[in-house]
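Starting off with a structure, shown below.
Just so it is clear, A, B, C, D, E and F label the chains in written order, and each chain counts residues from 1 on its own.
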Amino acid sequence: MGIKSDIRLIDDNGLRIDGRLPNQLRPIKMEVGVLDRADGSAYIEWGGNKIMAAVYGPREAYPKHVQEAEKAIIRARYSMAPFSVDERKRPGPDRRAVELSKVISEALESVIFVEKYPRTSIDVYIEVLQADAGTRVAGITAASLALADAGIPMRDLIVGCAAGKIDGVVVLDLNKEEDNYGEADVPMAILPRTREIALLQMDGDMTYEELTGAIEMAMEAAQTIHKMQIEALKRKYVEVE
Amino acid sequence: MSNSKFTAGVIPEMKRDYIHRLASKGTRIDGRNFDEIRPLEIVKGYAKRAEGSALVRLGRTKVLVGVKIEVGTPFPDTPNMGILTTNAELAPLASPTFEPGPPGEEAIELARVVDRGIREGHAIDLEKLVIEEGEKVWIVFIDIHVLDYDGNLFDASGYGALAALTDAVVPASRYELGDDFKLPVLHYPVPVTFAKIGNWIVADPNLDEESIASARLTVTTNEEGHINAMQKGLSGTFTYEEVQKVINMSMNIGAKVREIILGDSDGKED
Amino acid sequence: MSNSKFTAGVIPEMKRDYIHRLASKGTRIDGRNFDEIRPLEIVKGYAKRAEGSALVRLGRTKVLVGVKIEVGTPFPDTPNMGILTTNAELAPLASPTFEPGPPGEEAIELARVVDRGIREGHAIDLEKLVIEEGEKVWIVFIDIHVLDYDGNLFDASGYGALAALTDAVVPASRYELGDDFKLPVLHYPVPVTFAKIGNWIVADPNLDEESIASARLTVTTNEEGHINAMQKGLSGTFTYEEVQKVINMSMNIGAKVREIILGDSDGKED
Amino acid sequence: MGIKSDIRLIDDNGLRIDGRLPNQLRPIKMEVGVLDRADGSAYIEWGGNKIMAAVYGPREAYPKHVQEAEKAIIRARYSMAPFSVDERKRPGPDRRAVELSKVISEALESVIFVEKYPRTSIDVYIEVLQADAGTRVAGITAASLALADAGIPMRDLIVGCAAGKIDGVVVLDLNKEEDNYGEADVPMAILPRTREIALLQMDGDMTYEELTGAIEMAMEAAQTIHKMQIEALKRKYVEVE
Amino acid sequence: MGIKSDIRLIDDNGLRIDGRLPNQLRPIKMEVGVLDRADGSAYIEWGGNKIMAAVYGPREAYPKHVQEAEKAIIRARYSMAPFSVDERKRPGPDRRAVELSKVISEALESVIFVEKYPRTSIDVYIEVLQADAGTRVAGITAASLALADAGIPMRDLIVGCAAGKIDGVVVLDLNKEEDNYGEADVPMAILPRTREIALLQMDGDMTYEELTGAIEMAMEAAQTIHKMQIEALKRKYVEVE
Amino acid sequence: MSNSKFTAGVIPEMKRDYIHRLASKGTRIDGRNFDEIRPLEIVKGYAKRAEGSALVRLGRTKVLVGVKIEVGTPFPDTPNMGILTTNAELAPLASPTFEPGPPGEEAIELARVVDRGIREGHAIDLEKLVIEEGEKVWIVFIDIHVLDYDGNLFDASGYGALAALTDAVVPASRYELGDDFKLPVLHYPVPVTFAKIGNWIVADPNLDEESIASARLTVTTNEEGHINAMQKGLSGTFTYEEVQKVINMSMNIGAKVREIILGDSDGKED
């Protein structure tokens, strides 16, 4: 966060540079079952993000020494295409991708009935094809749909959403400029039914009131995003069945 | 999704017999003629942060190719030419057999065969990509990102690479080097791949056909009917007559594909 | 040495029950209160070849953090700022479960969480670390070296990093760039980590507690009571109320830890 | 191919810069059984190329997961010594070497009765000690001898040979200058008895007539090279037995 | 060795730049059992060196293919912390560390009854936290204590010690300046009881007399260091038991 | 080829007994005396694209060493010296036990021991390899390529390295830096390696002897009889008297080897 600049991120009318209100999401479009080879897949467009998620498994975990006797292991892999960002990203996971893959894996595990599939892996691949800010939460939202598409039993459809602070104001769902020049970002993953928090990161500078305000804002928005997920699943399965 | 996948390794003997039986009747598992490629759809400009891009659907195979263009230093032995570099990632979301990690020999061969066609076919006018001779040139990165693997990545990737190049704009203004300009494209080399199945030769093999093929041959030809690159693969062999036939077919099919690549709508997504 | 180690993986069910039973009585396996951290001891200036260093003992967890400061080139997008880079090594001498080799995901997450606190909390005044704008700046390397692993590396490493920075001297004279000067430290961000065990939340979990925890939350706060970084881990979840409580506790505990870090004797070893 | 230059590669008499006719091979020297530890080995000098090939196997394939239940796997490894070229090559396989190793492995497999040795590997190491152009085809030719020396049953002695185009003329067996400044190169591997084509690559620019002319030229020359292989094997085994 | 300079390493009184006599050791401090998780550990300060050693094992050797049916394998790993030297060392083993790890492993194996623990590994980790010269011999001395602390049966307590040549004079235990500007260094590891030599390296320039003089000097000093080892072990075990 | 190979690992107990029995009678498995090395043959100038090279046959061990010389930047602490760098590859064609991949600890030790002899013995006059002080110097790459492994790579490689250096020409004209000139060689350090077998010590062990040796000692001496490098290996030990004896023998053998290296025909292949 926080490259210093003179850029005003909120105008005199309280609107953001892309015209949104503080608690307004960017446009989101979801589609389920977009890939043929994967056991489950989904595609999401969220603002300027274009992300594909695919699920393979449950399948025998390989190499064998990673198998767990009592449960499936969840292995999410977050990856950015080299051309998904302005400056070409070298192929292969960087340290940021390794960290995100880890926290996304842990967040997804919170909803999956892993004890049903001992010695297996459930592999979740999140490919960022075009990146705006908020790729990890958009990726989780798509991964959740891909898991459902693969028929993995889950106790809830997990939702990703971020809030943050720009020009001193708590706002929902930062875009790229807001992420670059803003003051704080709070990416979250939420179980919409129980409102449990499965992923929570934060960087920047916030008071207690700002931070809890941001968390509440993201939790509200998660309900909206959850409805879109349900709609996307219906579109797929009502058409098919 | 994906109820009954007829994948490689699953009852291959039965599949082999079935495909051979069809071939003896002059047809293929998906009903195509031997020299017929699968439906080809190309969406240029799909990835907006790339300088050029194309999403290719060749049957159920999906490949996204992105072109990034940056400033760099020329190679010492070609001070007056830009640089082309091609990379392929078999992303594990595209197939249960692709594994995460650095590119293996399949990905490297794929990237090099696509690169060879583009380079030897002089698709890009590298001499127009010099900013300051011997000091500063444009580097063109072609990144092949396989999304869904149902066979014949060479052609899907080759089509995507050429389409993305024709879509690409050199971002000169970002580097304060004048106005942006279309990447100068000189030629339109197009690969066509054939598989040998029994004694039959089929164009654009799908995954089922690939899995039982004994040999593979890719021929890249340009709009003048010249050959720019070839690559034979797998442990089977071709006769000289088969090679002649394949080269001829590659020119015919290549010409049709070239029209699709060049004629496709620009920057619109389906 | 080390007679009866109650390590992770050993009879975990029994251990889980035991720790839960204690928690239901309001206490912990080592007798602490839920919001009580282990004894914390910090020796600054331990490693003399480092520009700054601190040996941290948090209970039986031992971490040595060294700061090296060198001259380098700034990033193109921040020509007027020095560079901060943080690295962690889970040296295999620290635990039977740590293996030699390049940093795994645990080490990378550790380094990044510590880095995030230092960076977002503006611990270092990076703008004072410019030698020549756009050309030459000071690079500050924070290296976290874990020596003995008994749980909660985030906090031990974060305390060590902050302490080592407050100990650090920029070696300008070595580079003939004038007199050495204290590394300019602006803020004092301090992480506090909590584990969720059953429905209880405890601060500064030791290894036994970590091994049965369902979720983990680290909150980094500064001397103004602002929050600079958070990281939730493990496959369990937190309620919103739990998060609020954790943030509050992190401020209280963080304030006490900050005093220990700043008040500690300088350059003397115990 | 194709660094532009004013260099004339064919003179007024139709001769090439090393004095050869268009369809003439460079001098070739082969020797079988040159290494002690390998199960089979051969050495080839071909123009300015000096290449050693060694074969180990059939031996239990390792690691186990690469074993195939029905056949031996053929693993050729093409490698250039750091000092084999003008500008020192960093040790370890580059992308070109990975590709060549793959196509050479496939070409060699075409002649080996792999089904005789399930679960084994036959490892073929090709070390380029001094490189002129045409290392891959010279390497295949040597590898073929090393396989024979190792007693691996084969249906033919595979032969490598290249043709190409320089100054608009189709020629056999390009040397280094011709490779650098020429217009096309067509490396091949041929089964001399049946005239099957086991390896075929091409890069450059050729018409259909030029290309088929080059292929025919290389196929003819393969018969000559094959005779040298037979001679080299006789020298070894007549002397020994 | 041997950066040329005008630095005088021995003064007119025959004293070295840190005031030592030619055959005098730097101050040495040892402590046993300093780490909680390791099976055995030790800490040594030797001149400006600060080094920690830890031992894990005998434990089942992993990966399995490294196991030996008749004996334990000894795997020492010598490692320098990035901040242990003036110019930051990049993390991960460099070629020097790989070589030292190998010769230290071999030296330690000479005293361990490896045949008692077939199929196991005994892993010895030597971490240099602050480096002066002589880290390998200080590391071996500490490793030896850590092995004893772990209860590994040994036929002797191995001792590391170096000698060398500076300003033409044979001296004991070179410090950093002497190592940089001196003429030769002879690191050794010695079995103090039998005076066997388990590690011996040398670099620089020495006559036969100088070299044998240096070896003798280090062998004598090893007896002194051995006594300190015994004292350190007594401090630990007398206090505890 | 290679009918009955008496390789490492095959019936080692029998082999050990046999070699010990021979040693007790004062002889060795190939009939040599204890202080006798195998037939040594050196072909300089073998690899024509190298600036210098030597093919060494020491018994049935074969090593090819190539020297490449390029222009580069000096190290900051030695601005007025060229750079020497030594690398060894245990090519998998040389032995069934060598595996493809980055150099392992054996290859690294081999390269470093050869390097130490050349460097500490001042074989190359690095001060004559400066083109522009602090800016441009010659880098000498010694690449050791093992072709056939029948024991004692240290000596075969060390002889090859010294021979290749004496064969080497600095390619100044290629860089337009004046006329080519012979690489300036100052001294002739030569390693000799001994193995301890039972209580006997033998020079230049072959593979069979290496496979049952308890300890190994390499001593590099120069033409003045000075010692420049030593390396002890394996888990056995030497007595002080044995070390003295080994050093003495290494000087005698080294002197003879030096004659072979320097006297060998130049640039002609056998």
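Quick note on the criterion: a contact is a pair of C-beta atoms (placed from the backbone, for glycine too) under 8 Å apart; a residue touches a chain by one contact, two chains touch by 3 or more.
Just so it is clear, the model here is predicted, and its values are computed rather than measured.
Asker: Can you list every chain in contact with both chain D and chain E?
Answerer: Where chain D and chain E share a partner, that partner set is F.
Asker: Determine the set of chains touching chain B that also touch chain F.
Answerer: Common neighbours, chain B/chain F: D.
Asker: By mean C-alpha position, what chain is farthest away from chain F?
Answerer: Of all the other chains, the one whose centre lies farthest from chain F is A.
Asker: By mean C-alpha position, what chain is farthest away from chain E?
Answerer: Comparing chain centres, B lies farthest from chain E.
Asker: State, to the nearest whole Å, the distance from the C-alpha centre of chain A to the C-alpha centre of chain F.
Answerer: 58
Asker: How many Å are there between the centre of chain A and the centre of chain E, using C-alpha atoms for each centre?
Answerer: 51
Asker: Between chain E and chain F, what is the gap in Å from one C-alpha centre to the other?
Answerer: From the centre of chain E to the centre of chain F is 27 Å.
Asker: Among the residues of chain A, which are close enough to touch at least two other chains?
Answerer: Within chain A, no residue touches at least two other chains.
Asker: Touching two or more other chains, which residues of chain C qualify?
Answerer: Not one residue in chain C touches at least two other chains.
Asker: Name the graph shape formed by the protein chains and their touching pairs; answer line, ring, star, complete or other.
Answerer: ring
Asker: In what order do you meet the chains if you trace the ring from chain C in the direction of chain E?
Answerer: C, E, F, D, B, A
Asker: If we count contacts the way the header does, which residues on chain C are in touch with chain E in the complex?
Answerer: It comes out as residues 1-2, 5, 46-51, 53, 60, 62, 64, 66-68, 70, 87, 89, 91-96, 100, 102-103, 141, 143, 145, 147-150.
Asker: Within their complex, state which residues of chain A touch chain B.
Answerer: So the residues of chain A in touch with chain B come to 33, 35-41, 48, 50, 52-54, 56, 59, 77, 79, 81-88, 91-92, 123, 125, 127, 129-131, 149-150.
Asker: Help me check something: in the complex, which residues belonging to chain F touch chain E?
Answerer: Against chain E, chain F makes touches at 77-78, 105, 108-109, 111-112, 116, 119-121, 217, 225-240, 243-244, 247-248, 251.
Asker: Could you pull out which chain A residues touch chain C in their complex?
Answerer: Spelled out, the residues of chain A in touch with chain C are 1-3, 74, 95-96, 98-99, 101-103, 106-107, 109-110, 186, 191, 194-208, 211-212, 215-216, 219.
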